[in-house]
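Chain lettering (A, B, C and D) follows the sequence in which the chains are written, and residue indices restart at 1 in each chain.
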Amino acid sequence: MISFVPPLSRLLLWPSLIIALALWLKGGASVGGGFPAGALAGLAVLLQYVTAGRDQTRRFVAVRYAAPLAGVGLLLVVGTAFLPVLAGYAPMSLFPRPDQQELGVGGLHLHTALIFEGGLMLIVFGLVVTVIDRFALRTDSDAEEEAGP
Amino acid sequence: MPLWGPLLLPWVLGAVLAFLDGRRAWVAWLAIAGLAGTLVCTVLLLPQAWSAQAPQFVTGDWPVGVGIRLRADQLSIVFALVSTSVVLGTLVYEHVAGGITSRSFPALVVFMGAGLTGVFFTSDAFNFYVFFELAMTAAFGLASYGEKPRNLRAAFTFVVVNLMGSSLFLTAVVMLYLTTGTLDMLSIIAWGQAGPPFALLVPGTLLLCAFGVKLGFFPFHFWAPAVYRDAGPTVAALLAGALANIGSYGLLRFGVDVMPQVLAQARPLLEVLGAASILYGSILALSRRDTREVLAYASISQAGLIITALSLEGREGLCAAVALALAGSVDKTALFLAQDRGGERARRAYSVAAFSTAGVPPTAGFWSKAWLLRAALEQGHTPLAGLVVLASTLSLLALFRAYQRERWLREGAALHRGTGAVVYALSLALIVAGFWPEPLLRAGRDAIQGLGTLP
Amino acid sequence: MPLLLPILLALACAPLAYVAGRWRPGAAAWMGALGALAALGALVYEWTQETTRLVFPWAPSWGLSLEFTRDGLSGLYASMALTIGALVVLYSRAYMPHHLAEEQRPPGDEVRFQGLILAFMAAMVLLVTVDDLLLLFVALDLTTIISYLLIGFDREDPESRAAALLSLVLTGATSVVFFAGAMTLGLQYGTFSLPLVFERAAQSPASTGALVCLAVGALGKSAQVPFHFWLPRAMAAPTPVSSYLHSAAMVAAGVFLLQRLYPLFAPATDVRHGLLVIGFVSMGMGSLMALVADPFKRVLAYSTIAQYGYALVLVALGSEGAPLYVAAHAPCKAALFLTAGAVTQVTGKKKLSEVGGLRHALPVLAGASAIAAAGLSALPLTVGFFKDEVFFHALAKEGPAFMAAGVVGAGLTLAYTLRLWWGLFGGPRPSAPAAPAAPPLLVAPVVVLAASILLGGVLPGLLVTPARAAAETMRGEPSTLELAYHLDARAENLLAVGAWGLGALLFATRNAWTPALSRVLNAASHVGAERGYRLLLLQLDRLSTWLHEKEVRDLRDRVASVLVPTGLLGLTVLGVTPLRDRFTVGTVGPADVTLVMALAFASAAALATLRAKGHLRLVLLISCVGFSLAMVFAFAAAPDVALTSVLVETIFTLLFAGLLALLPRERLKLAQDEAQNPRGRDRLAGAVAGASAFLLSWSALSHLHVDRVGAQTVRLAKAAHSPNVVAAVLTDFRGLDTVGEMTVVVAALLGVTSLLSLNLSRKGKKQ
Amino acid sequence: MILIASLVVGLLFAVGVRMVLERELVRVACGTVLITNSSVLLILAGSFPERGEALNVHDGGPVTDPVLQSLALTAIVIGFAVSALLLTLVHRTQRAHGSLRTDRLVEAELKRVHAVEKEEGH
C-alpha cells in the first residue's frame, strides 16, 4: 500500500529544493527569504528520513555535513555583516549602498543581502537536519542510561 | 579600537569553533586566546568610553531607530570587562582542570561571551533581547555539561524557568515598542521624559521580573539553589558569575537609564524585595551542608543587596549597585571554582572570596558593601544599614561553616598549577581591589555618570 | 619617610621569615624576631625625628588617603606589639615542633605559623599607626582575619575550629558594627581623617548612635561583657597565639580604639557611663571565673577579660593612666601565658588540678613567672604596681563606692594569681618521675619579660615619658602623670594594701568557698551571654532548616514562583495607574471576520490541549494552534510571518512526533495517567498568569504609539534596494538582530549535538 | 479587535502556563511552545488595527508595521531554536531518570541532597 510513497517523496525532493532556492532568491522582493528557504529544504529532507530512512538519506552530502553547513552559514552571515567594516563602513552595511546603482541580471538583483540570506538558509537547514538526524539515530539504538541521582 | 572589535572577535571565533572538536587542547587554547583577545579589545576601548563622547555606531549607517545603535558607555565597559574576564577564567579553569569533555563546550562558552558583550554594548531594546537570548541559549547548552543525571536535572529546571523569564522580557520589549514607537534606548529616554509618567510602568514591571529571574532575587530565585548545586562547578561559576550580570546590568540600564520614572515608582517595591532576599538568602545559607547550596543562597542575598542599593535615592546607591555587581561577579566565580577542589590552596582562595562576599576588608567586596552602607546612612536609612550589618555577619558565619567542613579538610583533588593560577588570579584581583580600591570606586562612580536623567 | 620605616619593616617580617623558612625551617623564627627588633629600633629612631604625620593619596574618589601618625599612643602600642611579638616568635621556635608532632602535622607548618604571628604583628602595628577611621577598620579586620587563621591553626581539632569560627563571627560582627559607626561619623564630618574628625567633633559632638557602634566594635575586640565568651574558647589555640593575641595584641586593640577615639567619647557622658558599667561587670565576672577555672589557660583568659575591664573603666573615666595600664599588664600576662605553655609542653597537662610542685623541676620558670604574677597582682617593685596605682588614683576621685569596687577587684586579682602560681609551682613535690627540663628557648622569653617587669618596677621613671605621651595623645591635653613610690598614707596606698589583704585572705580560705562559688557561677552561666548566643544560633538554624523544608522543590512550583508574582505585580501595577482611557475595545469590521475566526480556532485548539488524552493528540492540537496562528498572521497581512510560522509549525510537529517515537510507550502512558490531575494551585497560577497577560496586553494594545519607526522603514526600503520592507528590515536595518538570531540557532544546534552526541553509547560503555 | 486579540493572548498564555505546571516533561515543553506563540501573537496584534500591504507598498496606503513583523519573525526563530533544544533535553532527561514525570526528578534531587547531608554529618 505504501509502495508508491517512497518514489513519490524522492520525486518531491528536488522540486522542494528548487522552491527553497526560489524563496531564497526572491526574498528581497516578495515573500520568502533565507529562513523559510532553509526550513523548506529541511522539510524536504525530513520527508526523506520518514520514507527512505536514515541510511538512505545520508547518502546526500548536504545531509551528512548539515551541521558544518550551519557553521559555514554563520560565517557567511557574520562575514556579510562585519566584513564591510574593513573598508571603513559601519557594520551591517549591505552593498550596493543606498546611493549606489543596483546591479540586476534579469529579475535577479545582485545584493549582498542575498549572501546574508543564503547564510540564514544554511543555518536553518543545518539545524533542522541535524536535529532530525540525531532523533532518527536514537531510534536505531536507544540505550537506556542508568537511572539514579 | 573600534567598538565592533570586542563584538566581532568572539562572534567569528564562535562560528569557527562550532566546526571544531572542543575536546582537543588546541581548540580550547584557541577559544581562550580569542576570549583573551576580546578582553584586550575591551580594555582598549576604555579611554574612548571615558572620553566625552561614548563610542557608538548605527548598523548600516541608517538613521538611529531604523538601524540598530550600539554604544559603549562606562557602565557597558565595566560590565563587559568583568564578565569577559570571568568567562575567560572559567574556560581556562575547565580546560586545565582535566580537559573539556564535551565537543561544543568552548564554542558555547565563547558564544556566551559574545552574547554578554552584545548585551552590554547594545543600545537597542530588541537587540538587547537577541543578545540576551544568545547568552541564554549558550547557557542552556552549557547547563547540562557533564551530562550526569543531576546535571540534566539542573539544565531542565534552568531552561524552563529561564524560558519564562525570556518570554517576559520579550513581552516587555514589545510593549515598549508599541508604547513609544521606537526601540532605541536613547529615544525611549527622550520619549519617557516627555510622555505621561505612568505609561511605561507595565513594561517596567515585566522587565523587573525578567531580570529578577536572571539575577535570582526573592521571589524569583527558587530555581537558583537547585541549579547552582546540581550543575557542574564550572557551569555554576559561569551562571552565577557571568550570566547573573545580565540581571544587574539590565536593572541598571533599563531602570536607571531608560526608565528612571519607573524606577522612582518601584523604589518601595525594590526595597521590600531586597530586604526579603537578603534575609532569606542569609538565613537559608546557615543550615546548608552542601557548599554549593550555601553559595547559591549567599548569591541570593547578594542579589538582594544589589536591588536594595537600587532602591536608594541619589547617586551613591547606584554606585553601590555597580560595585556590588562587579565584586559579586568575581567573588562568585572564585567561590564556585575554589569549592570544587580540596586542599590548602583551594581553601585559601575560597577564604579570600568568602571574606569578600561577607564584606570583610581588605577585599573588593568590602568596598562594595561599604558603599551600600554609606548610601544607606547618607539617606538616613538606618534599618537598611542594620540589614547590611546583619547580612555580613550571617554570610560570614555560613561561608566559614562551609569552609570548616570536615570533608573539605581531607578530600578532593588539590588545585594544581593551572587551576590554582586561575583561582588565585581571581582572589588576587579581589585583594588588590581591597588594598587599592580606587579602580573599583572609579568604576562605580563613573559607570553611572552617563546614565539617563540622574539628579 | 622615616615614619614609614617601622611599619614597612613590620610588614616585611612575615615574608622574610617565610623566605628564611624555605631555606631552613628553624631560621624563620630568628629572621622574624630580628625583623621585629629592627622595626622596634626604627620606631625608637623615628621618635628622634621631626615628622609626626604622613599622608599618601589612596582613593581620591572617596576622599581617602593613607594617613599615618607618630604619637604617644602609636609609639607605646607599637613597641609593645613588636617586643612581645619578637619574644613570642622565638618562643614558638621551641614550642611548635613539639606541638606539631603531637598534632601529627609536618614540621614545615611551623614556618606558616610563625608567618601568621608576624603578619598579625604587622597588622597590629598598622592598626596603631594609622590615622584614619576607615583605615582603622581595615587594620582591625586584618587582625580579625589573621586571628581566625591562628586560632584555628590546629584545623584537625574540631574544638579549635569551632573556637576560631566563634571568634571570627563575634569579632567580625562587632567590627562591622564599628564600621557602621565609623561610616556615620565619616558622613557626618565629611572626612575619615582622624585629626579633622576630632577638630569637627569639637564643634558638633558625634551622635550617640555612632559612638555606641564604635564602642561595640571595641568591646567585641577586647572581649568585654557581653561579647566576652569567645576569649576562653579561643584558648584552644596553640599557646603562643594566646600569649600574643590574647594578652598584648588583639584584645588590646579594642581598648586601644577607645583610647584613640577618646576625643569623640569625651563629651558623651552617657556612653562613657555605659562603658564604665560594662568595665566593672567584666572585671567582676572575669575575676570570679578566674578563681574557679581549672585549665590554667582559661584562668588567664578570664583574667584577661577582667584586666581589660579595668582598662575600660579607666578609659570611661577619662583617666590618663589608661594607656599605661594596658602597657603594664601586657608583659605580665604574656609571661604567664608563656609559662602555661611551657608547663603544658613539659608535663603534658593542661589543668591546675593535675599539676603542682613544679618549682623543683622548673626553678627558673617558677622564679620568672613569680615575678610576672607579682606584676599582674600589682605588688611593689614590679611595673604592675603602677597599673593599680593609676587605677586607684582614678577611682579615688570618684568616691567610696568606686574605691570599694576597686579594692574588691584588685583583691580578686591577687587571689586568682596566687592560686594560679601556687597551683603550678607550689605544693608538694609530685610523686611522679621528675619532668624533663624545659628547653632554654621556652624559658628565655619569660625571663626577659620578667626582667622588664622588674626593671619597670624599680625604675618607674623610664615609663613616665611614653605613658605621658600616650595620655596626651588620648586626651588631647598635657599630662601630669607621675610614677613613683610614696611611702605615705594616701588613698592609693591604702587601697592597695586593702586589696592585698583581701587577696591574701581569699587565697588562704580558698578551700572554704571555691565549691560554692563554682556552683553559683555554673548556675549563672545558664543565663549568660554565651548561652544567649548559642540559643540564637540554634533558633536561626532551626528557622533555616524549617524554611528550607518549606522551600519550593518542585519544578512546577519553581516556575509558578516566577509567573505568579509577576502576574500579581502586573495586576497591581495596572491597578495603581490612572484609570482614564486605559482600555479600548476596538472595532470589528467585516474585514476582520476571517481574523476573528482564525483566532477563535486557535483558542479552541489551545483549550482542547488541556483535555487532550494522548500525547499524539496533544501534539496535533499544539500544531493546530500554530497553524491557526499562521492563518491569523496571513489574514493580518503579514505573509512573511505566516509562511515562516507554517514551516516552523510543520517541522515542529514532526520533531515532536519524532520525540514521541523515541520515548518508551509504557513510560508515556504512565506519564499521561499521572498528568491529568492538576492541583488547585496550578489552576490558580494559570488563571492569575492568564488574566494578567490578558489585561497587560490589552492595556498595551490600547495605547499604540501612532508614529512608530515602522513607518520610517517603509520610506527607507527603497534606499535599501528591497521592495519587501520586511526583508529590508530583517536583512538590512535590523540585520544585526538577524545575525544574533542565527547565532542563537547555531548555539542551540551545538547544544543539541552535545546532548545527543553520536558517541554517547560508546561513552556509556566506558562508564 | 483589540479586546479579542488580547483575550486570545491571555488565553494562550494561561493554557501554556497550565501545561508548564503539569507534571510531565512533554507537556512542559508543549506549554513553553504555547507561551512563545502567545508572545508572537502579541507582537503582531500591535499591527492589527492598521494592517495593510506589507509588499509593494504604495505611499500613504495602510501598512502592516514591518518592524513588528520582523520582531515576530525573530521571536519565532529564537523560540524554534530554543524549543528544539528543550525537546532534546526532555529526551535526555527522561532517559537519565527513566521517567517522564517531574516528580521523579524531584525525588532524585531530594535523594541526592539527603545523601550529601548525611555524608557531611554535623
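Throughout what follows, a residue touches a chain if its C-beta (ideal position, glycine included) is under 8 Å from a C-beta of that chain, and two chains touch if they have at least 3 such contacts.
For reference, the UniProt names are A = Sodium:proton antiporter; B = NADH-ubiquinone/plastoquinone oxidoreductase; D = Na+/H+ antiporter subunit C.
Keep in mind the model is a prediction, meaning the values are calculated, not measured.
The chains touching chain A as well as chain C are B, D.
Of all chains, the one whose CA centroid is most distant from that of chain C is A. Chain pairs C-D and A-D differ in how many C-beta pairs they share in contact, with the greater number at C-D. Taking each chain's centre as the average of its CA atoms, chain C and chain D sit 45 Å apart. With centres defined as mean CA coordinates, chain D is found 25 Å away from chain B.
Note on chain placement: the centre of chain A and the centre of chain B lie 35 Å apart, centres being C-alpha means.
Residues of chain A in contact with two or more other chains: 30-31, 35, 70-71, 74, 78, 91-92, 94, 124, 127, 131, 134-135, 138, 142, 145, 147-149. Among all residues of chain D, those that touch two or more other chains are 20, 25, 28, 42, 46, 55, 67-68, 73-74, 77-78, 81-82, 84-85, 87-92, 96-99, 105, 108-109, 112.
Shown for chain B are the residues that touch two or more other chains, namely 11, 14-15, 18, 59-60, 67-68, 126, 130, 133, 137, 140-141, 144, 147, 149-150, 156, 160, 164, 171, 174, 177-178, 183, 226.
Chain contact topology: the protein chains form a complete graph, every chain touching every other one.
Note for the complex: chain C touches chain D at residues 553-556, 559-560, 563, 583-588, 592, 595-596, 599, 602-603, 606-607, 609-610, 615, 618-619, 622, 625-626, 629, 632-633, 636-641, 644-645, 648, 651-652, 655-656, 659-660, 662-663, 667-668, 670-672, 674-675, 678, 682-683, 685-687, 689-695, 697-698, 700-702, 704, 708-711, 713-714, 717, 723-726, 728-730, 734, 737-738, 741-742, 744-745, 747-749, 751-752, 755-756. On the side of chain A, the complex with chain C involves touching residues 27-33, 35-36, 39-40, 42-43, 46, 50, 67, 70-71, 73-74, 77-78, 81, 91-92, 94, 96, 98, 102, 109, 111, 113, 116-117, 119-120, 123-124, 126-128, 130-132, 134-139, 141-143, 145.
Contact residues on chain D toward chain C in their complex (touch as defined above): 1-15, 17-28, 30, 33-34, 37-38, 40-42, 44-49, 51-57, 63-70, 72-74, 76-78, 80-85, 87-92, 94, 98-103, 105-106, 109-110. For chain D in complex with chain A, the touching residues are 55, 73, 77, 81, 84, 87-88, 91, 95-99, 108-109, 111-112, 115. Residues 30-31, 35, 124, 127, 131, 134-135, 138, 142, 144-145, 147-149 of chain A are the ones that touch chain D when the two sit in their complex.
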